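Multiple structures are listed underneath, in structure tokens.
There are two complexes below, and they share chain A, which is joined by chain B in the first and by chain C in the second.
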Partner chain A sequence: MSGAYLGMPAFPEAAKTSTKNEQLRANLTHATHTIRDKRAAAVGELDDWAQLRQAGKEIKDNTLARLDHYLLQAEAAVQAAGGTVHWATDAAEANRIVADLVHAKGESEVVKVKSMATQEIGLNEALAAEGITAYETDLAELIVQLGDDLPSHILVPAIHKNRGEIRDIFAEAMGRWGRPAPDGLTDRPADLAEAARLHLREKFLRAKVAVSGANFLIAETGTLVVVESEGNGRMCLTLPETLISVVGIEKVIPTWRDLEVFLQLLPRSSTAERMNPYTSTWTGTTDRDGPQEFHLVLLDNGRTATLADEVGRQALRCIRCSACLNVCPVYERAGGHAYGSPYPGPIGAILTPQLRGLQSELEASLPYASTLCGACYEVCPVAIDIPEVLVHLREQVAEQVEGHRVERAAMKAATWLLDHPAALTAAERAATRTRALHPKRLPLPGPAKAWSDTRDLPALPAEPFRDWWKKNRKDGSR
Partner chain B sequence: MTTARDTVLARIRAALTDIPGHAETGTPARGYLAAHVPGGPAALLDLLAENLADYRAHVHRTTAGALPAMLARLLADRGTRVLVTPPGLPPDWLALATVERLPDDGSLTAHTLESVDSVITGCALAIAETGTIVLDTGPGQGRRLLTLVPDHHICVVRADQVLASVPQALPLLDPGRPQTWISGPSATSDIELDRVEGVHGPRTLEVCILD
Partner chain C sequence: MRVALFVTCVNDALYPGTGRAVVTLLDRLGVEVDFPAAQTCCGQPQYNTGYRRETEPLVLRSARAFEGYDYVVTPSGSCAAMVRDNYPRIGAKALAQGRGSELADAAASLAARTFELTEFLVDVLGVTDVGAYFPHTVTYHPSCHGLRMLGLGERPRRLLEAVKGLELRELPGAEECCGFGGTFAVKNPDVSAAMGADKVRNALSTGAGVLCGADNSCLLHLDGTLRRQGAAMRAVHLAEILASTETEVLA
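Entry: the complex of A and B
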């Protein structure tokens, strides 16, 4: 699984492999069911959940409607508090800015707190190409990094690994990255966490530069907010001399007060807790406390293109809670890697094609990685209508991409048949008389065969409904 | 020369042409509750204690008068030899403690803090509904790293510092100061969603609530 997400196979192909991985499916079923039950209980504690959700939706929509204004306000506030603001139109520009800042400090390693934005832009790989090693410090990200693997879930990136697999990764790989795992390491979660603590602490104490993302950027004050559980975030945000935060432009919210909405919505939706163990806020730099140099990199990388789509822009409301992943029947079976992006699950199925465009096969396949059951919309704390955006994107795919000729031909034939009742009756009778001969699958090559590869064709009844109706009406029994 | 900043801002403005008069900001609906729990100060203290304990923090209820004895006992029980203290900590809190004290004058490094056993702080306020204590580096709290590197954190919360909810707490906090909101000790659920206390922050959090 080593390597980047880009260029990965389209969803159906990747899912064909992953759905047959029994270990993966067992891990995922356990994890998603556990967390979705806990989440329902945590949300159930708040009588005003619907009102909070509405407020979250409206705050985000209002911000997006004046995004230029709020970004400029945030920029001015961060600068006034002693920070430096950089803008990046795409991944390459953002990576260049970060690498140059690290070089300017004369450093060749950085510690990182888990960040979706830096994964999206492939920052670790870009830094490696510049001779800079980026150490992931979130436990799950550490597991993924040591295992030369890719994250598969927004909140618990190593959800696809069980404790035995994690033990083996630690025992095998920790020594190559720094302090080795202790001899005789067991697969008890507490022992594994202790090994990670010791391994990472020497990196925290040594690091001069840290890289983070942010959950929120407050326009009126220039304050950044990171929510986390382990304390690795606090380590990165506090101990190094220089802090670089890479933040998507959609993360801005107008006011300090708006946090009262999101700090209620986010923890309950993501980890099903009343509050996450640690929340850190910082505004520029503070004299003799924490990093004395702070850089904010504001990242576009497809967000403005998403903003331009009137239906699809609602995806930018996402606060990365991952509740939609845990309720999705497709994610539960296919796993996160099949989505070919750091954003898996239902939100990934709409975010990835919008951020990257629909040019390649992978992005064009993602809007179809859903049953449109609507569970993702139900749980979304900012009410993103994911099914609506999926259907909208499918329309775009159908317009742009070939491969739907068969569907169009079939619809044309059906329309003709329905307009010619005699022909329809004849066709139905012919079909039912020969039904014992019908195959369960379509033997011919092409899209029809691919469709029936994974399903049996429906069995035909013994006689057409119209014949049955005529016969039974004649008998007078209704 | 066009900068990345100009490009991004131009793209945003071009993307929003469908929104009529988008220069006018809407006012978000705020139909949610200011707090979820009725009841007086005593009920809030009970709820704070309950929710902190639910996160596996060790919660102690006491009074201001009995606090010095309690702190001395907690430090002795823990076997603390070296205790770091922030500037502005009320001196009488540690009147009965017999540990070696290391007051932070702003020069203690993370390496030094690695070798201390415990830290004692006050807090800016606490939130009952969520079981959260908030530190804002004010007097008696100190720099952020004091409560991060040592493995044992004792935090003292006065009754008049306890608010019901996040909406009640935010207006009292200054966003210009760095803040650390703490709800229970450091924890991870990254391994099969089993909750394990203590990965990087203090693994033991004791909260003394003064009635």
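Entry: the complex of A and C
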């Protein structure tokens, strides 16, 4: 994935810093609680939400089961409509294709509509290395770019910033990227939006090439779909002469009829709206209307490998609504950056290790970045059983990743003890008989120290339950 | 009706009072309960940490220990959910990997007969007023596995509301995880502690004297946090409140 995320520490280390950042936690708690409450209300309006969710799940599953068929159908339809299709196995190949297309137009700038796929492949950094500047035009992405920051949320990339912080970023950085912020900019949302509008308008009118992602790719007509809230995306899609869309292969759906289901599921789950403000669809090219050249880059980058995993493949159903982030108590405390990927939160914890593999410490730590509380599964509009996949991936980590030998030995020892009740009873008795000696606040040894840092230990009882039962009940006391 | 108590390893070793309370309660309700001594742990710590194979002997052990009982009752939503949701998965996987059908059959049979305490009281025995008396203000934390995997819904609250002398106070953010999460508490200690601190702050904001839950593993984490803060609130398992009566008031 993105070069910008490379070398980030494992989740627990990153979270150590972020949990101590009071401002970050306050920003996140406020934002996620607001969205989650609104989402619950928007979903509650529909009597058939459970059926819609089931339909969304089934459409995605059926499409994934015949992905090769639908992708070829989509490719033929895009070509028939005057577009060009490129296939990219990995991030490097996708970045190469986009850079070559921009060079071929003789351009050194592109405008971008917010795109998770291009974040995933680190396109902006790759283009910069080729002398091409990519301008983010989604408001939140703009904030992240101007702040020399990384996105921390799927829907609201700058969720970790409050209004005051955004004002400071605009005032400080807009001038370096183009039109400066007006003098005396306040932190009123309307003023901030106006400053962004003026800054971005300049980019839209000048750009010859645009890069987008897509929420859906409709196989029957080769149509791409972007849903957004600001209209900046629509300007990106329509004004430039050349449009390049980088789209993950799992985004394909068979027909326009299927889209109806997702256009209900997505906005309610993500922004808690009945319908999102801007739904743009584009199919190839049209004479004298919109971009005259259209390129679709179909991105694999680990998706085929994910599809091969029977349990893990359900992550590919994800429609990037971010409902799971907004209810996740771990995300709320740790913040999005701790996940080391443009896909943070519960979905990131299962998607990132599958797309990238489990080799590095960061990816191997992500499946453990959850209490398995199940709130994410409950809100997922396509019923991804995230806890199931987390446990499944933990098994792979335990099997494949070095450094789990000690833990495995401990687990085996625990199983042996628990499979031998006599030994267990003896151990319990030994513990209770020495209970006066047990420290309540002293640091515990090994990994258990993490417990005693912030929590007291309970007093051990005088006798375990099984001894009480034996004495008082088993031998005919009643 | 042959009923077995599955006390769970945490209750056996650390909270035997909860096991005794379940026995007292079921006695009072006329249910003859047995405690098969061959039981140990459901294997959840291993399973949830990624050691599925290591749980297999424990699945078999549990299934054998509880063979022949009509109902297996446990005062832990988390362990009940492990048996009900994950045992069949473990059995199916073992079968798919060619380890015979014994494990899968045993897992399926046990899963169908296992009930969390409040489910057993409300659904099987059909009672919500268990004749309890507990003169304290109480706030209730619904642990995640009971809430979401088992779908306990209003059962624990209905039981609490029927307790004489008890004043129930609404817990803000009740449905949020407390941050225990088994090995999560030591693998991600900072996030776990932050979640525990928030849960405890919400509980204290109710002004209640007792934080009630139906899972001692969550209560272990929350009580440890409360004690470290020197808070006056104490954590009590739901079974102990339900076992308390006017003649034998839980102090």
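Quick note on the criterion: the second predicted complex is superposed on the first by the 402 of 478 C-alpha atoms of A that agree within 3 Å, B and C clash if a C-alpha of one lies under 4 Å from a C-alpha of the other, contacts with A are read in each partner's own complex, and residues count from 1 in each chain.
Keep in mind that, in the parts below, a residue touches a chain if its C-beta (ideal position, glycine included) is under 8 Å from a C-beta of that chain, and two chains touch if they have at least 3 such contacts.
Worth saying up front: this structure is predicted, and the values here are computed from it rather than measured.
Contacts of A:Arg473 after superposition: chain C is touched, whereas chain B is not reached. Once the two complexes are overlaid on the shared chain, A:Ala10 sits clear of chain B and of chain C alike. Judged by the touch definition given at the top, the superposed model places A:Val252 against neither chain B nor chain C.
Contacts of A:Ala193 after superposition: chain B is touched, whereas chain C is not reached.
By the document's definition of touching, neither partner reaches A:Ala315: not chain B, not chain C. For chain A, the partner touching the most residues, choosing from chain B and chain C, is B.
Looking at chain A, you'll find no residue that touches chain B in one structure and chain C in the other.
Residue ranges of chain B in contact with chain A, taken from their complex: 3-5, 7-9, 11-16, 18-19, 22-23, 25-33, 36, 51, 55, 106, 110-111, 114, 127, 129-132, 137, 143-145, 148, 166-167, 170-171, 175-194, 196, 198-202.
In the complex of the two chains, the chain C residues touching chain A come out as 7, 9, 11-17, 19-20, 23, 27, 35, 37-41, 43, 45-52, 54-55, 57-58, 61, 89, 144-145, 147-149, 175-177, 179-198, 220-221, 223-225, 227-228. Residues 11-12, 15-16, 19-20, 25, 329-330, 333-334, 367-375, 377-378, 388, 391, 393-399, 407-408, 411-412, 414-415, 418-419, 421, 424, 428, 431, 441, 447-448, 450-451, 453-458, 460-461, 463-466, 468-470, 473-474, 478 of chain A are the ones that touch chain C when the two sit in their complex.
Looking at the complex, you find that chain A touches chain B at residues 27, 30-31, 34-35, 45-48, 51-52, 54-55, 58-59, 61-62, 65-69, 71-72, 81, 86-89, 93, 137-140, 143, 156-158, 162-163, 166, 189-190, 192-193, 196-197, 200-201, 204-205, 218, 221, 223, 229-232, 234-235, 237-239, 249, 254, 256-261, 263-264, 267, 271, 273-283, 286, 288-290, 298, 300, 304-305, 307-308, 310, 313.
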